[in-house]
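Can you read through this structure? Questions will come right after.
Chain nomenclature is as follows: A, B, C and D, assigned in order of appearance, with residue numbering initiated at 1 for each chain independently.
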């Protein structure tokens, strides 16, 4: 656990010094969601049916786009090398970075999602499911995306490649996340689906940082 | 360094060497036995085929290992040291390749012609079901290929075995083609069956995702300039992808049940028996496609070995 | 997963204080027939040397000769090499080593103090007073709470070099420590390298700037590696 | 053969176009893939031969 709290504190500090990196994904999320009524139709019935997919896809894209910079600036400034030679378990420092990133980028998405859900005509009764689904889903998206980010960190124009690598891996989270909301709309029990999302999260949190640490080492040439 | 060690080890264990084609012939004989057994047995369900085949292989391997532990251990060691060394792999694959090509061509031609012209039509789908003689082998080859990439990736990451990285690079292109064939044949089969070329059916959707995963591995390999680094990165991605494939299949099945899509499968209604006269050509073409897969993997791996080892003396002698 | 320290053959002598071990009797670093290829080009091959406590090694050579790659290999950051590399240290390599890359390893948004305190927290050297002392030693007293982005290139390099004034790291691996700093700074850093070596540490650095006569040299270039210890021991 | 004539085999009731186009496209893809693999192998061998010949020339000089 050595280095975990120091890294967490530092990441939060960094985000406070350059707030655009925190606000932009949130802004992206809101803008993308509000494009759909304009592009498709403002009819409440249609919007309600589309809402789970629209919100989840927008959240997924916002998370993915925010991850491109997770290791890139560190790599360019040589901070990543310092992290790799430090006598701490990379597992925990990576976990700290992801946790900080989720607190600053993921959590605001979760908090703003009910407002967008309401605007897409979702009944108030399902907004709780929307939030708990995103609460369990966005950390998984962060971890899975960070695996892709660690593999593309040294590459020019890596952001397109990141999307190609990561989007297929996002499918289970998307299916269960949007599915939980869909079931809530039909007044079916959602807890089993949320439990699956939680299982995916547990798997991602326990194994993901290993893969990310290995990916970072591979990208720097080991 | 690794090269010289492998040479040394193989010389010390070399006294009990069996001729290289011994393994190949015994493998083919075993496959033929399994095949015959299923053709002669009563109508069987597809799942029984897999379970039964697995049992036959497992029991044969287990009793073989009990009876000849020394032979098995030496064989394993030989595989590790010789197939793990690019130079030996190149030599052995060169010996095997003509055999494999022959077997692949014979099995594919027999299976496909049998399936197209001799097998009876399906009682629900008529003649359009004959597409399964391509679709099912291609789907299973695509899935098996990705699993093999995952295993090779794990080996490459843990033991830093160069051959495992080369195998991933060799498996990926044909796996992607197999996934594409599965999609194309599935789509064409869907037109007479569902009345449309594309439907978001669970199998087709999983296969589409598998194709994306293959393309991701290929894209990552092409984006990284240093082949060793690219090999390791692709290994990690394959391992992550294999874990994901399992969850993807589960999630897509669940998603299908949620939206109550088509439950029609190429075997007719799910779980129904398949008649041996239809199954035999299917198994033939399936093994044919597997052998074809092995052939292209070996060809690509040999090319990659030559290129990676181009500075070594044995490649110089080999080429000129 | 696999600890790079094991792969580099790093065998800890024992978990004792550095001062209790007579490091002058031990080759801290043994390099045997080290070779590296990159982008189809042999950077160097057949490099063998033994570096001990109290040594200062300069890695020299033209641009693109593989100086940075060699240092990254030694630091356990780059794994694609032939040959053997063996560290013999009282603790693991990562605990014993101070590595400064040719990129400073500082985030522009943070102040020097914030950058350094994170790094020293990772290395378990957690005293702000020591950090302030180190910063004033490199002439940056009073700059500690200005974001690094506002500093000049030379000042940034000095921030990174301030870690040389923190205790507890017997092995220093420094990539181009003298770039961008002025003559005073060069003299300052040079003196620090000497006193570290005199105290029984090991310094390996790349630069075109050779410290006075007693440096051992690794000369890279044209795919070859040569060792030049002609002047070594002159000062001893 | 299940079918009475080759014309019937070609038509397969109404399913001929589907079955034969699927087989045509897919077999072409497989053959193309094998062909590409073989071609790449030949090209690498040719390139290596040239590189090695050049090296031998240089060594002689």
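Just so we're on the same page, a contact is a pair of C-beta atoms (placed from the backbone, for glycine too) under 8 Å apart; a residue touches a chain by one contact, two chains touch by 3 or more.
If you're wondering where the values come from, they're calculated on a predicted model, not measured in any experiment.
J.: Give the chain pair, either B-C or A-B, that is connected by more C-beta contacts.
T.: Output for the comparison: A-B.
J.: If every chain is reduced to the average of its C-alpha atoms, which one ends up farthest from chain D?
T.: Farthest by centroid: C.
J.: Could you work out how far the Cα centre of chain A sits from that of chain C, in whole Å?
T.: 38
J.: From the C-alpha centre of chain B to that of chain C, how far is it in Å?
T.: Here chain B and chain C have centroids separated by 49 Å.
J.: Report, in whole Å, the distance between the mean C-alpha point of chain C and the mean C-alpha point of chain D.
T.: Chain C and chain D have C-alpha centres separated by 55 Å.
J.: Tell me, which residues of chain D touch at least two other chains?
T.: none
J.: For chain A, write out the residues touching at least two other chains, lowest number first.
T.: In chain A, residues 214, 221 touch at least two other chains, as defined above.
J.: Give me the residues of chain C that touch two or more other chains.
T.: 1, 80
J.: Which of the residues in chain C come into contact with chain A in the complex?
T.: 1, 4, 72, 75-80, 92, 94-95, 97, 99, 101-110, 114, 117-119, 121-124, 147
J.: Which chain A residues qualify as touching chain B in the complex?
T.: Going through chain A, the ones touching chain B are 147, 151-152, 155, 158, 161, 164-165, 167-169, 171-172, 175-176, 179, 182-183, 200, 203, 207, 211, 214-215, 218-219, 221.
J.: What does chain D use to touch chain B in their complex?
T.: Contact set of chain D toward chain B: 1-3, 9, 12-16, 18-19, 21-23, 25-27, 29-30, 33-34, 36-38, 40-41, 44-45, 48-49, 51-53.
J.: Which residues of chain A touch chain C once you look at their complex with the stated criterion?
T.: Going by the criterion above, the answer is residues 2-3, 6-7, 10, 13-14, 17-18, 73-74, 76-79, 81-88, 93, 210, 213-214, 217, 220-222.
J.: Spell out the residues on chain C that touch chain B in their complex, using ranges where they run on.
T.: Interface residues on chain C, with respect to chain B: 1-2, 38-39, 80, 82-83.
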